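Just below is one structure, and these are the notes that go with it.
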Amino acid sequence: MRLGRRVAAEAIGTGLLLACIVGSGIMGERLAGGSIALALLANTIATGAVLVALIFAFAPMSGAHFNPAVTLAAAAHGDLPWREVPGYIASQLAGAIVGVGLAHVMFELPLFSLSHRARSGVAQMASEGVATFGLLMVIGGCARSRAPVAVAVGAYITAAYWFTASTSFANPAVTVARSLSDTFAGIRPTDAPGFIVAQLLGAATAVAVWHWLTMTPRTDMHVSPTAVKRHGEPGR
Amino acid sequence: MRLGRRVAAEAIGTGLLLACIVGSGIMGERLAGGSIALALLANTIATGAVLVALIFAFAPMSGAHFNPAVTLAAAAHGDLPWREVPGYIASQLAGAIVGVGLAHVMFELPLFSLSHRARSGVAQMASEGVATFGLLMVIGGCARSRAPVAVAVGAYITAAYWFTASTSFANPAVTVARSLSDTFAGIRPTDAPGFIVAQLLGAATAVAVWHWLTMTPRTDMHVSPTAVKRHGEPGR
Amino acid sequence: MRLGRRVAAEAIGTGLLLACIVGSGIMGERLAGGSIALALLANTIATGAVLVALIFAFAPMSGAHFNPAVTLAAAAHGDLPWREVPGYIASQLAGAIVGVGLAHVMFELPLFSLSHRARSGVAQMASEGVATFGLLMVIGGCARSRAPVAVAVGAYITAAYWFTASTSFANPAVTVARSLSDTFAGIRPTDAPGFIVAQLLGAATAVAVWHWLTMTPRTDMHVSPTAVKRHGEPGR
Amino acid sequence: MRLGRRVAAEAIGTGLLLACIVGSGIMGERLAGGSIALALLANTIATGAVLVALIFAFAPMSGAHFNPAVTLAAAAHGDLPWREVPGYIASQLAGAIVGVGLAHVMFELPLFSLSHRARSGVAQMASEGVATFGLLMVIGGCARSRAPVAVAVGAYITAAYWFTASTSFANPAVTVARSLSDTFAGIRPTDAPGFIVAQLLGAATAVAVWHWLTMTPRTDMHVSPTAVKRHGEPGR
């Protein structure tokens, strides 16, 4: 029952996220008069901003993952029971697909259409690996302090749209759903599996790095309180 | 008396909000040299930013609704007495209209002018429904935690300007006031009622969804403290 | 002595603010290839962002006014002793002028040059009045809660650059200093006094409104605790 | 051991930072169709946003310096032991260089290439001095309160990209690494030493100013509690 509500929150949040990604891509391309930089800037600002809003709103309900890679990492870190993972991922996928349809309705396009936008090759996959690794590093860092994960994730994706050659999908559910939109934000269905593999490799690397960075260090048990305090409030 | 001050705060805040929406639309269009994307980008950044500022400033006074749909939802959730609703809505409408006039004065235009900008059709109304549903979901989520609603709402509207075909009015008072401005941000008076109906339907849906998501679940009364704790700090 | 340091902080902060306003105006105009909207967008984003950074950094030292209108309002509200006002304003003016010179050095221009940019007329003055009124309303609201005034002021000025016809100077020290820069952000010295009068009128109006909004209401002393609580956490 | 993890965090964070600076510069230039303002705007938004995300994520681990000038200032202020400085700086340099290579891989460019972009002269060096001085003032101010240094630094660099003629490197590790990229964000290796000298001078000035602004004032030991309280919560 509780789980039912949480996965409903995941579905609603992921749906609004995809409506934003796809919808703002369509709007940006229509208004930009051929300037891809302007279209992507609009797409970027909208996506980063909606992540801030949705994560603030849904984090207290479901954790606001909206992303199977985040859900799997949470389970690997012990923050979510493995038995809840399938429900989370299924609801993210369902919500994402409905969100794409919603965007198409709002912009008077067919409900779904397979994308013809090619996004393949080693550089694209390296981009997705780096993008997802960075996303999971940011979430992992914020989870270990009181940092506002909503602001950090929104800011990270804003940046990653521009610093990766793939415009940073970094999310398997988003990748599947965007293959159903033959618009600015789309991806050819045949290119989706490569993206997803790269994303999962990036996420697994981040989980391993966080595990190493934060594991209880036995050799530190004898250090002085001063050293511990210095570690707790380091540097700045 | 107290109510008098709160509705005054609503009127001032809504007035500044409308001065910003209409004024930045005029400025954007004048300077953008024909690029609608640039004009809308300026309009978007200004509107999102002013919402952050005004909600931070006025939330402790009046709740900073600036929006009859938000006021009605607050009453439906039991956060505002129904008897105060008419005062809130009247002051929002009055403030919004004065704000539009203020923008026109600042840009040397006639005090009011009926808009000729057509915004009709199923897609536009679907956009307003989705936009208002999402806005109320974001506000509802933030109200149930310590999330900064000012940042979340500013970010949401920044995104919604781009991911809806209607540029997301999502506010009946804003809709009425913008019908009095024959500028970039205007809406034909004959199209306003359709927008308002769609907004109220979106808001009502959000209220119903929040009611279901957060109602006390009787079947959960016997779950272990661990499960409750997990629900309180979920996933991430 | 303490005051000496606080006014030093005001001078440094106002200097960096002006270096940013004037410098980003020059940079924006040089790179924008004739698009005034793009130049103003760069100028806007830089100015709003630097205000966030500088107010976060200097608020614990001096209050981070950077603005004689803010200093006068603080004194009127009883938050700053009147005897400290002259020191604050003098340091703001000195810092602002040095900051303009610094921007000119960084962009290889003469140290100072009188602006030829006309900014006059009723609409411009109305714009400055509205801009400063809104700024003081935002600061006043944040001062009465725990809202982050740095974010609110940065966001407000970001918006006000676009929703006022004057691009929102809203600051007498900034107005004087910008008259010494014949660049994008400049203002003709003969137009500066009108701007300053309008700013002070807007500020005085905001002080009066806040005084009315927050004065202890004798008639409310007998209301029930419930009503008081509702006022404390209103609406949303 | 603990130090090993903290310098690893510095390396990862600085690597992602450089991947973003260089990658978003390439992407911006490719998509902007010749508009340098648009390319720099994309570069700016990405860099500012990634700083917000990375500092939120890594500050609890290592302090999130990502910058030898910040590390040296932290040591000068007594916030980091001098013996840890070499490890910090070496990891920042190594991470920065790897990050540049990563960006090149993502955009299908040679792993490293010496930049041909001239950035020399008094104005450029003055810009770097001012940029680094301002950065250290902002960090110093936030360190003395609870201000979110992640937001303040991200916002400051967003502004400084536009208000300095050099687009504000303000970081010796970034300067070295960017000399290895013959792209939008590059700097000719022969110009790097001048930048670094100017940055260190700016940082040293900021350290001296903060030392003076915050040293315990002996003459104040007899002031009344009221005056102390007023200093603690000044002005606004």
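Order as written gives the chain letters A, B, C and D; numbering starts at 1 within each chain.
FYI, contacts are C-beta pairs under 8 Å (C-beta built on N, C-alpha and C of every residue); 3 or more make two chains touch, one makes a residue touch a chain.
In this text the structure is predicted, and so the values were computed from the model without any measurement.
Enquirer: What is the graph distance from subunit B to subunit D, where chains are linked when they touch?
Expert: Between subunit B and subunit D, the shortest chain-hopping route counts 2.
Enquirer: Same or different: do the copies subunit B and subunit C touch each other through matching residue numbers, with over half of them shared?
Expert: different
Enquirer: Quick check: how many Å separate the C-alpha centres of subunit A and subunit D?
Expert: 26
Enquirer: Compute the distance, rounded to whole Å, between the mean C-alpha positions of subunit A and subunit C.
Expert: Computed value for the inter-centroid distance: 37 Å.
Enquirer: Which parts of subunit A, given as residue numbers and ranges, touch two or more other chains?
Expert: In subunit A, the residues touching two or more other chains are 35, 38, 41, 45, 139, 151.
Enquirer: Quick one: in the complex, what on subunit B touches subunit A?
Expert: That would be residues 35-38, 40-41, 44-45, 48, 121, 123, 126-127, 130, 134, 137-142, 144-145, 147-148, 151-153, 155-156, 158-165, 209, 212-213, 217, 219-220, 223, 227, 230-231, 234-236 of subunit B.
Enquirer: Could you list, by residue number, the parts of subunit D that touch subunit A in their complex?
Expert: It is residues 1-2, 5-6, 8-9, 12, 16, 19-24, 27-28, 31-33, 35, 38-39, 41-43, 45-47, 49-50, 52-54, 56-65, 70-71, 74, 79-81, 88, 102-103, 105-108, 139, 143, 149-151, 154 of subunit D that touch subunit A.
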